[in-house]
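Following this line, the structures themselves.
Two complexes follow with subunit A in common, the first pairing it with subunit B and the second with subunit C.
On to the complex of A and B.
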């Protein structure tokens, strides 16, 4: 069986960037897939495990960063799609107003 | 699949403990068993073994409980509380060497994904490498 590797990228528009709450959401979503999923702030890496909350938060990606995802495994395509959509939706936080929620 | 590891938060301040628990609830949700305690029995700042035992009980999971503490007394009293647990529970409760708020959120996120107690502790401790 050949391994599927999927790539995706998305502009991070969330006002506070990849801070605590967005990072938790991203990590939780990533953990729901069996594929190995990695995240980077440039298309040539360095890549970090998107299922590791410490690594994701450690990127400290600010607003305006392009986030790159790559995934490998059975549900890799769905994983990349779901993750890029989460970022595109501003993590469902309505413009990233930190006071909301 | 084993039960999600529980998180027990032990602070010297009831408000810090409650606030930390609120952050975990809001950011990670209700799927992770959670207990918290802070303050001494007289309502002052401090920790009490009895309250720590109750917090561990609230957070109890067959997968184990990761304990997050703030300052020295919280750690020693937590160690004492663990020693008072029934033998079959003692081996399933660990104190994490991590900042209380960040550690609780990281540990809970990891626990949410079904990680083992060792993995949960490692994730919390990854924050502050020795």
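On to the complex of A and C.
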């Protein structure tokens, strides 16, 4: 694996946005990779460290935001894939649909 | 004993608790400064590690909600970004305690400035972290909260809540706080009555108190009269629950014998597990969104067909009303709803989105047309605004049926009804006489009529389904249904609120659709209400009593 930059983006569907529990899951997963991984709410940044809960929570990303990831390092491609998949799986929480009618 | 004082706040966790008052004071911290930056850094890192160890210990044996909150705090403590400003401040001469407080103050200020209730509620978590580390730095030991007490504080940290023993009862009364804080979530999960937003509290001389988490009240020095009131209320609540459950298997009927249909709102077929079909008059609202959320890929026809079949098999010959995909607004779906849509509640949602994405919608219509042959299926369209939308869906449905039959499959066109939630429909229901039935979506109708977003706490009080303008529209829709022989039901949250039952009966509503948990309560409320006493009174709040 080269050390090229890898990019990915995914729509945040979590009912409450990037709040405490999803942020913990995201940063934990990011820390499992050696690549430098960053997160942004727009494709031109500002980029923040995806391994820092302070930074990730600090984005206060609401539901409906598109999250952008970029990673650089040996396992960058795997990292971006794993993180976008985590968001696509709604952080493995599911449900949580607002009352409707 | 001083005379009783009643203070009003906001309910955060239901129930009533009575006990001795306990005022929680903020920890007093003594300053100890070694004057040596290296040892201050050492002290701080040791204290942070000890605080994380405390939290790890506390997470043992907690339920999921509790463990998640602790895990969030541990993640914050382990984050180098959080401690970096503190370490820098120590290098320029601050004590470990001062430096840590300053670093946390930055974070706290940022969260306090958030426009979102949820993020402001995280301030309590950060204060918790700050004080826990400070206690380790200063060697202060916190005394545990007394069991069974009515704890009064400005705000309470999640870990202080979790350290306490609530098995002996007790409640929480906070001067500040928020119903969406972690402490409130914990209190609801543990069944600890809690009130927030009481404002400045003067406890001078008061020893005893009652926390009323249902009505958001704190009564200081309750006299025998107040105590008797709450004893009766507690006994009443237990009795009410027992009485309500007796109505579960009885048909919906008012005290004066008027028959009322009570149907279910279902989000996921699994909600039907353990529920008997004879407790209701069918399913009034099956939200099909769940099918589109469980996986990343959009569900195929077979998956949807089997899900609809499961509902129909459960219901027997009773109706099952499936609402077509109601995505958009506050319910986006990746890859389907528009990204970054301004004003999404007024955008491409409900049937508008379905008609804009016919390739996705057609899959749902095929699954529904197949399921329609297996039971009493009805299909309902969300967010209809003009009659042409109903017409276009009917045409699509007809061509889907023809297509299926051409493929040698059984298919049928189910009755096609609409949600009445856009004011344009409520104001001119006669334009939609082609619909097979109406279902009033009171949540959306209310937010659109009052121009008050239902997910914005700042306008919560305005988003009132009992606003005379909302009731007037509902009454006209119900009247139109009666004249023209069109079924009208109501499936919003309002239908499940006992306080609105006389009002809705007075408007002529005879079909309620409610969550399974509200079924017994609503049946009981209707059984205790005389329809003859419920006058519509020109859309004003009815004076009728249950």
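Assume the second predicted complex is superposed on the first by the 92 of 101 C-alpha atoms of A that agree within 3 Å, B and C clash if a C-alpha of one lies under 4 Å from a C-alpha of the other, contacts with A are read in each partner's own complex, and residues count from 1 in each chain.
In this section, contacts are C-beta pairs under 8 Å (C-beta built on N, C-alpha and C of every residue); 3 or more make two chains touch, one makes a residue touch a chain.
What you see is a predicted model, and the numbers here were worked out from it, not measured in a lab.
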Determine, for the superposed arrangement built on subunit A, whether subunit B and subunit C clash or fit.
clash
So, does A:53 touch the first partner subunit B, the second partner subunit C, both, or neither?
both
Which of the two partners, first being subunit B and second being subunit C, lies in contact with A:63: first, second, both, or neither?
second
First (subunit B), second (subunit C), both or neither touched by A:14:
neither
If you tally the residues of subunit A touched by each partner, is the higher count for subunit B or for subunit C?
C
Indicate the residue numbers of subunit A shared between its subunit B interface and its subunit C interface, in ascending order.
20-21, 24, 27-28, 52-54, 57, 101
Residue numbers on subunit A that touch subunit C, as the complex places them:
10-11, 13, 16-17, 19-21, 23-24, 27-28, 49, 52-55, 57-58, 60, 62-64, 66, 88-90, 94-95, 97-101
Residues of subunit A touching subunit B in their complex?
20-21, 24, 27-28, 31, 51-54, 57, 101
For the complex, which residues does subunit B have touching subunit A?
26-28, 105-106, 109-110, 112-114, 123, 126-127
As the complex stands, subunit C meets subunit A at residues 68-69, 71-72, 75-76, 79-82, 107, 110, 114, 116, 118-119, 122, 125, 182, 265, 267-268, 285, 287, 289-290, 293-294, 296, 326, 330-335, 337, 339-341, 344, 419, 421, 439, 441-444, 455, 491-493, 513
